[in-house]
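Next come two complexes built around subunit A: one with subunit B, the other with subunit C.
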Partner chain A sequence: MTSSVATSEHETGSLRDRVMDLVRATEIDGRLLGMIVTLIGIEIGFGLYTGGSILSPVNLLTFATQAVQIAIIATGMVLVIVSRNIDLSVGSVLGVVAMTYAVLMHEVFPTTIGVDTPYGWLIALGAGLLIGIILGAIQGFLIAYMKIPSFVVTLGGLLAFRGLVFDISGGSTQAPDDTQFVVLGGGPLGSLGGTISWAFGAVIIVAIALYLYYNRRQRRRFGFPVRPMWAEVGIGVVGLLIVVGGVAISNAYHWPAGLIEQYAAQHGISPEGLVIEAGVPWPAVILLAVTLVMTFLATKRKFGRYVYAIGGNPEAAELGGINTRWTIMKIYILMGILCAISAAISSAQINGATNDLGNGYELLVISAAVIGGTSFAGGVGTIPGAVLGAIVIYALRYNLQYIGLPSNNQDIVIAVVLIAAVAFDTYSRRNAT
Partner chain B sequence: MSVQQQPEPRPPAAPPPGGAGAANVTPAAVAGGATAPLVEMRHISVAFGGVKAVDNVSIDVRPGEVVGLVGGNGAGKSTLMRSLSGAHKADSGEILIDGKPVTIANPRDAKNAGIETIYQTLALADNINAPANLFLGREILTGVGTLDDSAMEDATRKVMGRLNPNFKRFRSPVRNLSGGQRQSVAIARAVHFNAKVLIMDEPTAALGPAETEQVRELIRQLKSEGLGIFLVSHDIHDVIDLAERISVMYHGRLVGTVDKTDVTIDEVLGMIILGQPPDKLNREQIQSLR
Partner chain C sequence: MRKRLLAMATLTVLVFAACNSSGTGGSGAPGGTGAAGGGCLVGVSWNNYDQERWKKADEPAIKKAIEAGGGTYTSTDAHDASEQQNKDIDTLINKGVKVIILLAKDAASITPAVTKAEQAGIQIIGYDRLIEDEKALYITFNNKRVGTIMAQELLAVQPTGNYAIIKGDPGDANAKFLRDGMDEGGLKAAVDSGKVKIVGEQNTPNWDTTGAKNEMQAILNANNNKVDAVLSENDGMATGVSQALQAVGLNIPLSGQDGDAAALNRVALGQQTVSVWKNAFALGETAGNAAIQMCAGTKLADVKAPSDLPDASKPADLASHPFTTPGGKTVTSFILNPTPIKKDNLSAVIDSGWVTKDQVCAKVTPGSVTPC
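And now, the complex of A and B:
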């Protein structure tokens, strides 16, 4: 009872209770709030340690863009683990799809439809998506209908699909990708630009406001208790600050000198004093879209409800008349789609595909989901949590690398965070009941 | 043994189907065959491997009637009921609802036929809230196909207002609820969808005295509304108190179905323990049970 938690931010009981009451009134997931606080703490800590240099826009954008590939797959891994399954094959599926993209654009298209055609990259994306769906469906079928444990099936997938990568590539690295495809990877050329970024931010702010309004009206309609007004406004203001802050940081990153000179030469203007704001990188836009769609599927659709019900009590789900097998198979098809999206970003970032692309991602993705509050007991986990989990992992990785910690020791730190997060969950759950 | 008092039908209660004068049907008249059976299970057999868990059993229930299904552990009561609720398909035999044969291959078939089940385990998903459990598999959707959580919460508040007015925790996962509250969620799920037939598997096994009395009162109310109820129970007193007829199973077989008014509690115990119908039991055998 009196054992203290090292990570606890609360000093006294009464203050803690008051803070908890305030948090409860906003109906925000305390776990998510804790992760945001942790993330801000990490950034401030490293910021102080490095005299602020680590908080430069380019550093923040770099680790965020790297985290995207893990975060996208982690949104699906939440549903996999919630339904009491696992997917070890994600890195290999990503590898197969990324290699498909690269081979199509590097080897197939030049001899068929030509290089850098307006639609070539879309054909590649479509083909990759289809392969992701097929690989996901095969594994999902074996797990859901043949009742083979998911650990075994996806362990097989991990091995077999990595082997398939070499078959597709012929053993060599495939590069480069289509120049339009590369935009998906982010960087100065793969971002929205200053003006569009602000417009994008404005759309999000309006969407947040509408969402809050709609929810409140919906609860009023049925006469349910609503959040206090200060909490609604508070959530709106925090959302506004996050969006404005994100766009401002993105826009504070300017094109480097080399690109400016190229651009000036192409447009016949002087590079002197020319400043181009990069803006929000495309991977961040894609991650936002994926997170919204996945959260929608998980919380607003029957599919998501069934996934959580299966995780909470598989027998109850079956007795409720739910088609549990088709639900499980759909989760794995969804994983294939997410791997294909992530593969596009991974491949675009390195402008091609290597045979080991995606190697070891399964562990990072699972770690992100678990740090984000997903429980291996099943039935518990949130998609925004997993996204934040991925960002926390990459914030740590990038910052530790920045201060010169060797990569083996980065892994040790991440392992400690992983176990601490689960320990915290176990502790708080035990105290809650 | 005292004759059970017939509860007064409540004003909002639907009159039991079955023709003229049905509203005044007494349990004895029902048991006497005044009404056609709501559900008939004929010659049902279920085997697990070589073991016949249910062996050629036929039982039925009529509108506004409670049929107690009793027997020792492993007698096959729950297995028989699971084949009616769609949890496990019977190997042979037929099920008739309102005289028409139906196929019940899964829980959805049973629910579509108006058969609802309250399982001994309650079959709740602990990680989701009461409205989500109540509508599990039968969610209310909005016009654009999303879950209408507000409408489901509203409906849950209404049904709980009737069953358990003290219930307030509509938004927390049911794992945080007390045993009685969880039980009321499971019952609400069964009665909300206008069931014709209710299967209650040990509905009071995990409850305290006050909550048990609440469930008994609810059973009487539902009976007066014209539902047919199969009450599976270990508790012979529960069954004697609530049921019109009692079907006794022994090692997978049906020992017999008796009218409550025709038998003594000792004779029922004899059927349960010795597996013999009352007319085959002699005084010494019954005495030996004491």
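And now, the complex of A and C:
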């Protein structure tokens, strides 16, 4: 198997070079692999420390769900940073939109269309999305067309939009949301359920297979080099295992006793021996969809290529005929949309909105992107990397909370691990070239 | 060049306009300023007037008490900046106030302005937050007692079992006061006797709602959902905790403080046991009333709290008491009592005008609790 890869002049290289070649043949980003290894390392470490209890499905699902809001916005932050800009306003934009959702469902709907109507939550979502787009467009316009530095504009956004949250809420917490809306937040009641989760998994597996096939055929057609067959099959098998594993873990989490009793009482059945599989949480489904769409936009569409071109060399991109202004503005509109999606999950998770919702998110989102391999120098960064970055941060935070470490010491541990992870990656790359 | 000058001029005008509008926002009503009436002019220096509470409860109560005593109310707002607050005090001195009611942004950095005011013969009331000054009157709530009430109320309904404690920001002294108060409210005794076991205790940076929810999820998972009661140090965090509990089908005793409308709604729905409420109307009335007495020349030690305060907020007696500050100084003080709001006294918050019936009763089955 090894010989089929090592077709290059590295034939006689060390074991290290051979491993690197193997990785290179699969065309998987090294940083991405590093993140996955870090994540597995964290889980094994805490697993040993807690005697395995931390590896139970509910724990894995909980931190994955907690990471979703940050991960969603981080997919957009990658493009922002790649284009040599920054967005500090994400937490405040999220706050404004989340508060809009809550005020609509808590104060406006009861006196107009009624509480818990089948379509009310969709109206709220639509309104929030629109506000996200507007706030993103305003900032994007100031940055792209007025040429005001993005740091200044979005710092203004951070302050002004947080102020706006108080104006919308009147200063007080707005809760609760409509019951259908809360499903977006995940938890046993906000998951797909056992059967649908398997169907969902099956669809994804088919999609992966089709994508690999189509991609290989396209490359052949245009005379691009293709991955060796073993690598294609390998990626397919790994994808299959991840999907099957993910669904199996999600389904292994069963509804807790309290919910079972409520359910049994509502349906007039005995709670004895009743087992309901939770399945894949909705936030995870949304994150998957966002990651796929964003990756597609970034790698397969003109828009994405322009973004990376601008990041690589703004002057050359402009001279090359790219409408850099419109491209930058589109990035910020996209950020507004992502913040609105994230806001829905944030609000659903606390069933309402507080004035502090989204506070401090800018740093978490930027961290996720940077840890995931996005470079502040511009032009470099991947979307799946940022998503993994967010998951690593929350895996650490959650596991430290689980073992009951005081919050200040959690911060210390997280800082050390994150720097170590990135340092290791930087070191191994430098030595690899 | 000319264009830039024009732009700068426009900006200057805009800034001044903005300052003016926010400056007068506080005094609002006609006749709010100007000591022409001859009565006592009382100035309030707000730290952060944009927070709902001051506008809704404290200000009207202070104003009412001052006007009832024949005085006049005026105010400034520092927009949460201690430097601005020093300037605000200068403004109030120049306006000719006799008493300043001071909601201090920062106890230490306000000292120069306080000294200046006292040199001008102005008396100071430290309102809600402590200022380290022996000549000032300090009016506040018993913060430790908030924690005591939380523990008492939860232990009354859940005397045994697994307790989780969601505390506030680790850097906020209040978070620790509350925790100490809980121990005094019987939590320590219950733990020592083995009736109660604390299965999770965590500080929440910035009292963040989502942070509190995440902590609660970790505690629930670490204990297989075997948690019997949650002491949350405020209502905002209780919002996050409540959702984490509901997501796993738990409905267990839960505490909070501040009297947030959403929390009072949870109390009505039976999802939260108690929200400890600091009756800001009572605090404002005490301050306004004291200011009038001080204006009339009453000595600080002889100033009395108003006799018509709601029973729940009233201190043990109406006389002022010495209070030893963390800085070791002794100040004259009125320490009011916080009020536990539970299912049976929800009407109190509605009647006082703190929240509306609609806010408390949203989604509540009519007739299930008194006001709904």
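By definition in this document, the second predicted complex is superposed on the first by the 401 of 433 C-alpha atoms of A that agree within 3 Å, B and C clash if a C-alpha of one lies under 4 Å from a C-alpha of the other, contacts with A are read in each partner's own complex, and residues count from 1 in each chain.
Rule of thumb we're sticking to: contacts are C-beta pairs under 8 Å (C-beta built on N, C-alpha and C of every residue); 3 or more make two chains touch, one makes a residue touch a chain.
Note that the structure is a prediction, hence the values are computed from the model and not measured.
*Asks:* In the superposition on subunit A, see if there is space for subunit B and subunit C together, and answer fit or clash.
*Replies:* In the arrangement built by aligning on subunit A, the partners subunit C and subunit B fit side by side.
*Asks:* Should A:221 be classified as contacting the first partner (subunit B), the second (subunit C), both, or neither?
*Replies:* After superposition on chain A, A:221 lies in contact with subunit B alone.
*Asks:* Tell me the contact category for A:255 with respect to subunit B and subunit C: first, second, both or neither.
*Replies:* It touches subunit C, and subunit B stays clear.
*Asks:* Examine A:150 and indicate which partner it touches, taking first as subunit B and second as subunit C; both and neither are also allowed.
*Replies:* Touch status of A:150: no partner.
*Asks:* Give me the angle at the C-alpha centre of subunit A between the C-alpha centres of subunit B and subunit C, rounded to the nearest 10 degrees.
*Replies:* 120
*Asks:* Would you check which partner chain A:317 touches, where first means subunit B only, second means subunit C only, and both and neither mean what they say?
*Replies:* First partner only, subunit B.
*Asks:* Which of the two, subunit B or subunit C, is in touch with more residues of subunit A?
*Replies:* Greater contact footprint in residues on subunit A: C.
*Asks:* In the superposed arrangement, does A:100 touch subunit B (first), subunit C (second), both or neither?
*Replies:* In the superposed model, A:100 contacts neither subunit B nor subunit C.
*Asks:* Could you say whether A:346 touches subunit B, subunit C, both of them, or neither, answering first, second, both or neither?
*Replies:* Second partner only, subunit C.
*Asks:* Could you look at A:301 and tell me whether it touches subunit B, subunit C, both or neither (first, second, both, neither)?
*Replies:* In the superposition, A:301 contacts subunit B only.
*Asks:* After superposing the two complexes, find the smallest distance in angstrom between C-alpha atoms of subunit B and C-alpha atoms of subunit C.
*Replies:* Scanning every C-alpha pair, the shortest subunit B to subunit C distance is 13 Å.
*Asks:* Quick check on the output: what are the common subunit A residues between the subunit B footprint and the subunit C footprint?
*Replies:* none
*Asks:* Applying the document's contact rule, which stretches of subunit C touch subunit A when the two form their complex?
*Replies:* 50-53, 170, 200-210, 213-215, 217-219, 221-222, 225, 235-236, 239-240, 242-243, 246-251, 260-263, 265, 358, 362-363
*Asks:* Where on subunit A is subunit B touching in the complex?
*Replies:* Result: residues 218-219, 221-222, 224, 296, 299-302, 305, 308-309, 311-313, 315-322, 379-380, 433 of subunit A touch subunit B.
*Asks:* Under the definition above, what is the set of subunit A residues touching subunit C in their complex?
*Replies:* 53, 56, 58-59, 62, 66, 106, 110, 115, 163, 166, 170-176, 185-190, 255-262, 346, 349-352, 354, 356-357, 359-360, 397-398, 401-404, 406-408
*Asks:* Using the touch definition from the top, list the residues of subunit B that touch subunit A in their complex.
*Replies:* On the subunit B side, the touching residues are 85-87, 106-108, 111, 117, 119, 121, 123-128, 132-133, 136-139, 141, 145-147, 150-151, 153-154, 175-176.
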